[in-house]
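Pasting the structures here.
Next come two complexes, and both contain chain A; in the first it sits with chain B, in the second with chain C.
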Partner chain A sequence: MSALEMLPVYLSYPFVQAALVVGVLVALCCSLFGMTLVLNHQSFIGDSLSHVAFGAMAVSGMLQLVDNLVLTLVLTVACSVLLMRKGSTGNAQGDSSLAMLSVGALAVGYLLMNLFSNSANVAGDVCGVLFGSTSILTLTTSDVVISLVLALVVIAFFVISYHKIFLITFDEEYATAIGLPVEPIKMAMGIIMAVVIVISMNLVGALLITALVVFPVRAAMRLHHSYKSVMISSSVISVACVLVGMLVSIIVGTPVGSTIIAVDAVVYLVIAVVSYVRNVR
Partner chain B sequence: MKKLLVSLMVLCALAGCSGGASAPSDSSGEVTDADVVEVTQEAVDTEAEEHVDEIDLTMMSPTMLFAEVVNMTRTPKKYDGAMVTLRGGLMILAVDLETGVGSYSCYVEDATKCCQRGIGFTIDRPLEDTSILVEGSEVIIKGTFEIYEMGGRNFVRIADCEIWPA
Partner chain C sequence: MIELVDAIIGYPRKPVLEGVSLTIDEGDYAVIHGENGCGKSTLLKTILGIIKPLEGTVACSANPSEIGYLTQLNPLRFDFPATCAEIISTGLKCKGSPFSKSREVQEAVWLSLERMGIEDLENADYRQLSGGQRQRVLIARALAAARTLLVLDEPTNEIDVQTTQALFTLLDQLNQGGMTILMVSHDAQAQAHASKLVHLGGDGVRVEEGRPR
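Up next, the complex of A and B:
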């Protein structure tokens, strides 16, 4: 039986079906919030938070927690709130705070995993968390449920607060002037951003999350110029790339996370070239 | 701000700590010299919605193979009694080298080859040719997936296997 002929067999497995559903919802969340991050020049906040999440997972492993997702979520949300309060863009102090947090969390996390690991294969654990090689296909039932609930909460938040987020993204001063609760909304967006980062780790790993957030949005911005069109396009591109990436990795036998990002990169390049040719003409 | 931090700490506390034996982690290589794969009592007690009678894992890509082996240890009831065919690396545990009868482990790797997952198997009948039993070589095994208890703990293995070089 050829690799392609095995696809219907693979799709019959419950863990593959769960992985595809979670993957699609995570892709949607990343594209929705990627818009805000890219437009606010905050792309690397996601990177920093993913490193914090890695450190938090190491702490969970050290404490032998039943479910490491809870502590990871709590610590990542706490750091996101602190970063949002400190104001992490547009000044040198904020930039260096991000750098310190990012590499510090990564280093401490790796150290803890080496010192306190109860696993026989630390390198494998680290590799799996950082690059998401098969994590999305080995989710426990509770992981799936938590990921689904959190993804739906994120999407609901974005749908409900769409106009407020739009205003705050493009003109924060005007939003403040008309009486919008800008700071609470920004804090909520920071929390939601941390949630998106944590649920994305199972899909692409801690090191590749930024690509999942940025590539679809930047590709969509090459095609469209209105906020709504970019949002819809980036969602379609993100979901399509995740689906294609996952299916290719399952059929061919490549790491899931990096395959998804490779597909994202190829799609971005193709769109960039098409856009360039279109503009030249 | 203080209230938020206290609330977050309370949530941490509710995450709880595991007491006894924990389920194997997704990417830990549970392959040690005296080891077969342990499964939790919860996994053993969980009834599967469907039962698999036979599964050929040699047809799968490395990504799916690794994930399926992990999931077999999560839902062992689904595969209990199933005929399993598996390709992987050979580890020799406790064996009569003249007959080949004894306990082994077959490990599979994911696509990055940094995550390994082993599953114990036994050869119960003397082999005609024991020269194929080379540590680290790739083999194909076919046997019956079973859950068994030892020392009050539950393990899974593939029992009464036939073995071929891959």
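Up next, the complex of A and C:
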């Protein structure tokens, strides 16, 4: 029986179903806040925060904590809120601060893992965290519940605050002048972003999260010219790419995270070519 | 409507204007002018609550949801995917706006597009517009939102002579209808229309009466 013929069998496994549900939810969340990051020229905040999460996981390991999720979340949320408050792009100082945070957290994390890990395969563990490995296929019921709750919170936040988020992203000064609670909304976004990134690390790994945040939004921006259409379209593209990537990964036996990102990249390239040809005509 | 008493405005460790005392009454048409970097936009931002005064009192009695504000064009947003109608309407749709129904919002958008002579740009892609068109869209956004106070930061930037003339005629009409107008402008035309001229310079803030209201 070929791998393709085995697909219905794979799909009947609870762990595969759980992975697909979590994948779809994470894809949806990443595309929603990804739009704000891309339009704010802050795409690399996602990357930096994932590196902070990696460093935080290493600190958890050093402290021999039973569950490293809490400390990872606390440190990543703290950094995210700080970055959202200070503003991280638009000038050389902000951009280089982001780069220093990113590589600093990655280097310290790797150093701590080497110094304090009890594992016999540190290189394999590091690779797993950075590139996702197969952890998406080993999710527990509580992982699925956490992802479901998180996705509902993120979607509710974006639906309720849709106009405010649009306005703050497009013109923060104007939003402040007409009395919108700009800082609380930015803080809420920072917290949500950090939590989504920590959860997403299970899916694609720390190094590839930026791709999940950026590719669908950029593809949608090439197809549509209204904010609402771009937001809906990027969510659809993101979910579709994650589903296709995971199924290809299951059938072919490739790493889940990099397969998803490869699908995202191919879809973006196809859309970019189609959009270019359409514009030339 | 607006009162500043002995205010020091600017940024932490970088005061821009000191000892600012200024009153703008309801129905005034005030134009602020001065050399580059003298603090005109900073003064506007302080009045609108975007920047807190370092010292002194700054009070604006206008309800924030009834203020129309033209910010300066931001090149970082030239690649923002949105239609002109979305840009004009979004502020109106936020909570606290006097507009609650979508039909009212739509009517306000159409009226402001018509006033700026850009009805054809309603569903245009903001990314594809010229600098002048973008400026007109942002002026239309300010007009759609303004109920009691219209604040404009360099409104004639990027726009052509005819549009500038039409804009000043429109502002005169709005002011005669009771709208308070506060504008930063180097344009001599703008200063000729003002009922109050605010000079910012090395000697601080100096207020002169302009054209009678």
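As a working rule, the second predicted complex is superposed on the first by the 280 of 281 C-alpha atoms of A that agree within 3 Å, B and C clash if a C-alpha of one lies under 4 Å from a C-alpha of the other, contacts with A are read in each partner's own complex, and residues count from 1 in each chain.
FYI, contacts are C-beta pairs under 8 Å (C-beta built on N, C-alpha and C of every residue); 3 or more make two chains touch, one makes a residue touch a chain.
Quick caveat, the model's predicted, so the values are computed rather than measured.
Peer 1: Answer with clash or fit: chain B and chain C placed together on chain A by superposition.
Peer 2: fit
Peer 1: Check the residue A:A177 against both partner chains and state whether it touches chain B (first), chain C (second), both, or neither.
Peer 2: In the superposition, A:A177 touches chain C alone.
Peer 1: If we overlay the two complexes on their shared chain A, which of chain B and chain C does A:F166 touch? Say first, second, both or neither.
Peer 2: second
Peer 1: Which holds for A:Y227: it touches chain B only (first), chain C only (second), both, or neither?
Peer 2: second
Peer 1: On the A-aligned overlay, A:T210 touches which partner chain: chain B = first, chain C = second, or both, or neither?
Peer 2: neither
Peer 1: Quick one: is A:S50 in contact with chain B, with chain C, with both, or with neither? Answer first, second, both or neither.
Peer 2: Touch partners of A:S50: none, neither chain B nor chain C.
Peer 1: Tell me which touches more residues of chain A here: chain C or chain B.
Peer 2: Looking at chain B versus chain C, the one contacting more residues of chain A is B.
Peer 1: Mind checking the angle chain B, chain A, chain C on Cα centres after superposing, to the nearest 10 degrees?
Peer 2: 170
Peer 1: First (chain B), second (chain C), both or neither: which does A:V256 touch?
Peer 2: first
Peer 1: With the two complexes overlaid on chain A, what is the closest approach of chain B to chain C, counting only CA atoms, in Å?
Peer 2: 19
Peer 1: In the complex, go through chain C and note every residue touching chain A.
Peer 2: Within the complex, chain C contacts chain A at residues 45, 48-50, 63-65, 67, 69, 71, 74, 76-77, 80-83, 86-87, 90-91, 93-97, 123, 125, 127-128, 141, 145, 151.
Peer 1: Contact residues on chain A for chain B in the complex?
Peer 2: 1, 3, 6, 9-10, 13, 15-16, 60-61, 63-68, 70-71, 74-75, 77-78, 81, 85, 119-121, 123-125, 127-128, 131, 133-135, 137-138, 140, 249-256
Peer 1: Show me the residue ranges of chain B that touch chain A in the complex, using the header's touch definition.
Peer 2: 1, 4-5, 8-9, 11-12, 14-18, 22, 25-32, 59-64, 66-68, 70-71, 74, 110-112, 114-116
Peer 1: Which part of chain A faces chain C closely enough to touch in the complex?
Peer 2: 39, 41, 90, 163-164, 166-167, 169-171, 173-180, 221, 224-228, 230
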